[in-house]
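Presented sequentially are two complexes of subunit A, the first with subunit B as partner and the second with subunit C.
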Partner chain A sequence: MNIKFNNVSKAFNNQLAIDSLNLEIENGEFIALLGPSGCGKSTTLMMLAGLYKPTAGEIYFGSVVVNDLEPKERNIGMVFQSYALYPHLTVLENIAFPLKQQKVPKKERLRRAEEVAELVHLQEFLQRWPSQLSGGQQQRVAIARALVKKPDLLLLDEPMSNLDTRLKNNMRNEVCRLQKQLKITTVLVTHDQEEAMIMADRVAILDAGKIQQFDPPEKLFNKPKNLFVAHFMGNPPMNFLEGRLVNEGNQQVVVADDWRYAFTKEKALPEKYTGKQVKLGIRAHQLAITQESKDALPAKLLALEYLGREVIIRAAIGKQNVCVFVENMVANNLPEHFYLYPDRAGVHVFDEETGENLSL
Partner chain B sequence: MNMVVKKTPPVARDSFLKTLQKKWHLLLAYLLLTIFSLPIGLMFLWLFLTSISTHTIAGVIPAGFTLEHWSFLWGPVEVGGRVLPSIWQATWNTILFAGGLTIFEVIISTMAGYTLSRMNFPGRKLMLRSVLILHAFPGVLLLIAIFYVLNALGLIDTLWGVMLVKVALQIPLSIYIIKGFFDEVSWDIEWAALVDGCNRLTVWYQVILPQVKPGIAAISIFSFIAGWSEFLLLFTFIFSEHNNTLAIYLLAIIGDFRVVNYGLLAAAALFYIFPVLLFFLFTQKFLMKMNMGGGKQV
Partner chain C sequence: MKRWFLPYLMLSPFLILVVMFYVIPAFITVMLAFTDMNYAMEWRFAGLVNFEKIFTDPFLPVIVWNTCKYVGGTLFFNVVFGFVLALLSTYYIQHEKSGIFFRALWMLPRISPPVVYVLLFLWFFAPGQYGLLNALSAIFLGVEPQNWLSEYAMLIVILANGFVGASFGMIIFSSAIRAIPQDIFRAAKVDGATEFAITKEIILPLMKWPVMFVSVWQLLSLLTSFEYILLLTGGGPFLDTEVWSLYSYHRAFVGFEFGYGAALALVMVFTAFFLTALMLKLFDFNRMIKSSRID
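Coming up: the complex of A and B.
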């Protein structure tokens, strides 16, 4: 089932939480809503579930407007952050609960519940109470309960945030496997960019109730549309250097007090941007350390952070701090002053006022 | 194969003192609790002994043994020359009154408590506040007004009529208690149930009510005991002997103050207390057993 948001807004007490959202999700697609807390991602999910009603706009499931449909009329499965298992029912009864509501005969629903339980490897725990399960097992129950009625849409509300790292990785793989196997359209809400990048086919980045960019993970990382996306994606965050875009002779240059960066002919920006205050954005792995000043940025060493295989170098270019990824070998005998040579393909130019990426 | 059984080492002589040192605070707690509950316990004991003794020494210490005072269980009772009807009719009336009260109260307050806790509607705050005020309002003040209302409805001198009045007076407190329990149930569970195909009514019944069992036990106990011990309303609005409850029956046994049969009074009082004690013993474990824990953080 494909899903479409058409200018959907949601206000709480006249405070706009979602501001005319437009989003299209294709049948069988796995998308993630990613953003800092309070960005409106959970509100969006709740509107999909039918627990919140949009203030304006329409949500389409296929060709049907579902704005006024109750949650139970939407055929969706949902996994909550707290798992929200029913403490007074056993694991099997928990999983069979949605079928009970659909008045599926008891024998049939127990059979189907057992089937789904097997899918998430819960066969041995069917007669236990939720309180007797570990966090990971509880989550499997929640997933099984969401899947048992063969939903058209699966909603995951930060489902991994209560698990430890190892379990988290396992569950991510497993959820992805299930999603591909069952071909269910899935929406994941998370604030963990790693999770969104690993699991989703496409990621929508939300901030302040608006979608900043909706693209496959690789594109979000390499072609951020604006400053917010560039800053939000990637760890450590992208380095930003403030300067002014000017023409020197027939060359386009970004200048600041302590450094200058010249564009090649092919990479030059349209003429109309000349004179703008801009931010250069360069990722930590796209800066190389060199001793030659040609086309490079002068830097002063501040600190080293060892991560095992790699080292993060913290350095200052003028007044601005940057991070650089280097191999262990390079970091060992670094002089205090050196030059950083940016990979030209990885240099983004953002308009300082609007935040827009001018180099796309 | 030879099994070597090791003898446990002899208990050190000072072990008792050591345990005492370790657990003196526990001992102190027991001691204090015993001292404070002793008077109440002694009074019950005295009540029991009086009910099976023929006479008292110096008007206080029971002596002699008889079951005569308990004869009301199988025969008619005579007090001050007046023959009272069988106690079983009054017992049945009391059970009916307290039981009916409990059922009505649980049904009404679980529904009202859920609504006030979970739903948003105009006048919700006002209703919550007025519920509290109703509770603070002494029921005695309403006696005359209620009399007129019951009379007009033709419910005067009926157990049902008094039950309705008592329910109305009790509900505010029950609603307040149960609302607190509803507030504790996480929204996630309710939402999950809605997504899983429930409507608001089935969510309430199938998912939320089982989470507030301790609360239901609490209001059941409170309202049953309140119904069992109700005196004033019944005394005022019930005239027929066959509608009497045990509290009124006790009054009849006291009858004329100059010739009170304390043995009979004690026996009847014990008979009156006993079901409540049983009920409480049976239900208090529900009060203690908290059935919480749907997720790790819940």
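Coming up: the complex of A and C.
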């Protein structure tokens, strides 16, 4: 089932939480809604579930407008951040609950619940109470309960945020495996970019109630549409250097007090941008350390952070701090002053005013 | 030495009050039960005479039956009605202020003085054409005035107590319903539950603990309190609404059989203990305090 948001807005007490959202999800696709806390991810999900009604716009399931459909008429499965297991029901009864609501005969619903429980490796815990389960087990019950009625759409609201790192990785794999196996259209909500990148086919980045970019993970990473996306994606975050775009002779250059960066002919920006205040965006792994000043940015060493195989160097270019990934070997004999040579393919130019990426 | 002394010092006024007004009277009551004290106010120990008298008292079957009807009926009314009120005012009326207003309304009988409240009831059910119910039924149904209070005495007693008591259950159940996380209701809706199913399969089972608490609490207070009955019917007509505690009061302070009254009270206290233990067993108290209920 493909899903479409057409100019959907949602206001709480006249305060817009979602501002005319447009989004299309293909049948069987796994998408993630990624954004900082409070940006409206859960609100969007609740509208898909039918728990909130959009203030304006339409939500389509296939060709049907579902704005006025109750949650129970939508055939969706949902996993809540708190898991929301029924504390007075056993694991098996929890999983069978949606089938009970559909009046599936007892024998059959228990059989189907057991089947799904097996899918998420819960068969040994069927008679336990939710309070007797660990976080990971509770989450699997929640997933099983969401899957048992074979939903057309699976909604996951930060399902992994209460798990420790090890478990998180396991569950990510499990959920991806289940999703591919069952081919359910899935929407995952998360504030964890790593999670979104690993799991989803496409990621929608949400900020201030608007979609900033909706693309496959590698495109978000390599071709961010604006400053927000560039800043949000990647760890450590992209480095930004403020300067002014000018023409020097026949060359296009970004200049600042302490450095300059010249564009090659093929990378040059349209003429109309000349004179703008811009931010250069370069990722930590796309700066190389060199002793030569040609085409490079002068930097002063501030600190080293050892991460095992790699080292993060914190350095200052003029008044701005940057991070650079280097190998252990290089980091050990670093002078205080050196140069950073940017990988030209990885340099983005953002309009400081609008945040738009001018170099796409 | 000082560290433990101060708290005790602070508690002692309260402790003295408790001893004076609870412990000593209880002790005296137990003692009295073994005397045949009457209006002459003489302490004369009489062994188990009073208890023998209880079991041969010709009024006893009626009193016990009345007590069962009164306690059972009122308890049922309180719990069911209290639950319905709580459900309406917290779950179905999601608007916070309306819910609070609705609940405050039901608190009125509890905060109005019993005498005033009973007067309202008496006026409502008064015999003759000036009683409110009679006036209303004359206008709308055209029927003759009835003497409600003598014909439906027990029912009216139960109603009067029920309306007061329901607010207790309502408050307890309301806070229990609010303690259920919103996500549980959302999950249930997504899982396809109707509002009725949510009430029956989610809310009701989670009310087991509060229902037990309210039942035990109300049971004890209903067994021992009789002021509304005394004010409404005085136990009449004949012995129609004479319950155990009222009977004990009547024997002691109207018939001046203090010894016998005390014995009746003592038996009632033990009955209350027994019933409480039975209820805790019935509701599986141990399992409930062990497992977390809502997390």
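Keep in mind that, in the parts below, the second predicted complex is superposed on the first by the 360 of 360 C-alpha atoms of A that agree within 3 Å, B and C clash if a C-alpha of one lies under 4 Å from a C-alpha of the other, contacts with A are read in each partner's own complex, and residues count from 1 in each chain.
In this text, a contact is a pair of C-beta atoms (placed from the backbone, for glycine too) under 8 Å apart; a residue touches a chain by one contact, two chains touch by 3 or more.
It should be emphasised that the depicted structure is a prediction, and the values quoted were computed from it without experimental measurement.
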Worksheet item: Just from the overlay, do subunit B and subunit C fit on subunit A, or is there a clash?
Response: clash
Practice prompt. Could you tell me if A:162 is touching subunit B, subunit C, both of them or neither one (first, second, both, neither)?
Written response: first
Worksheet item: Between subunit B (first) and subunit C (second), which, if any, makes contact with A:299: first, second, both or neither?
Response: neither
Worksheet item: Between subunit B (first) and subunit C (second), which does A:289 come into contact with in this model arrangement: first, second, both, or neither?
Response: neither
Discussion item. A:101 in the overlay: touching subunit B, subunit C, both, or neither? Say first, second, both or neither.
Written reply: both
Practice prompt. Using the touch definition from the top, say if A:135 reaches subunit B (first), subunit C (second), both or neither.
Written response: first
Worksheet item: Hey, what residues of subunit A end up touching subunit B and subunit C alike?
Response: 49-51, 70-72, 76-78, 80-82, 84, 86-88, 97-98, 101-102, 130-131, 145, 149
Worksheet item: Can you name the residues of subunit A that touch subunit B in the complex?
Response: 49-51, 70-72, 76-78, 80-88, 97-98, 101-102, 130-131, 135, 138, 145, 149, 155, 162
Response to the item:
Within the complex, subunit A is touched by subunit C residues 181, 183-184, 186-194, 197, 201-202, 205-206, 208, 291-295
Worksheet item: Residues of subunit B touching subunit A in their complex?
Response: 186, 188-189, 191-199, 202, 207, 210-211, 291-298
Fill in: Complex contact set, residues of subunit A against subunit C
46, 49-51, 70-72, 76-78, 80-82, 84, 86-88, 97-98, 100-102, 129-131, 145, 149
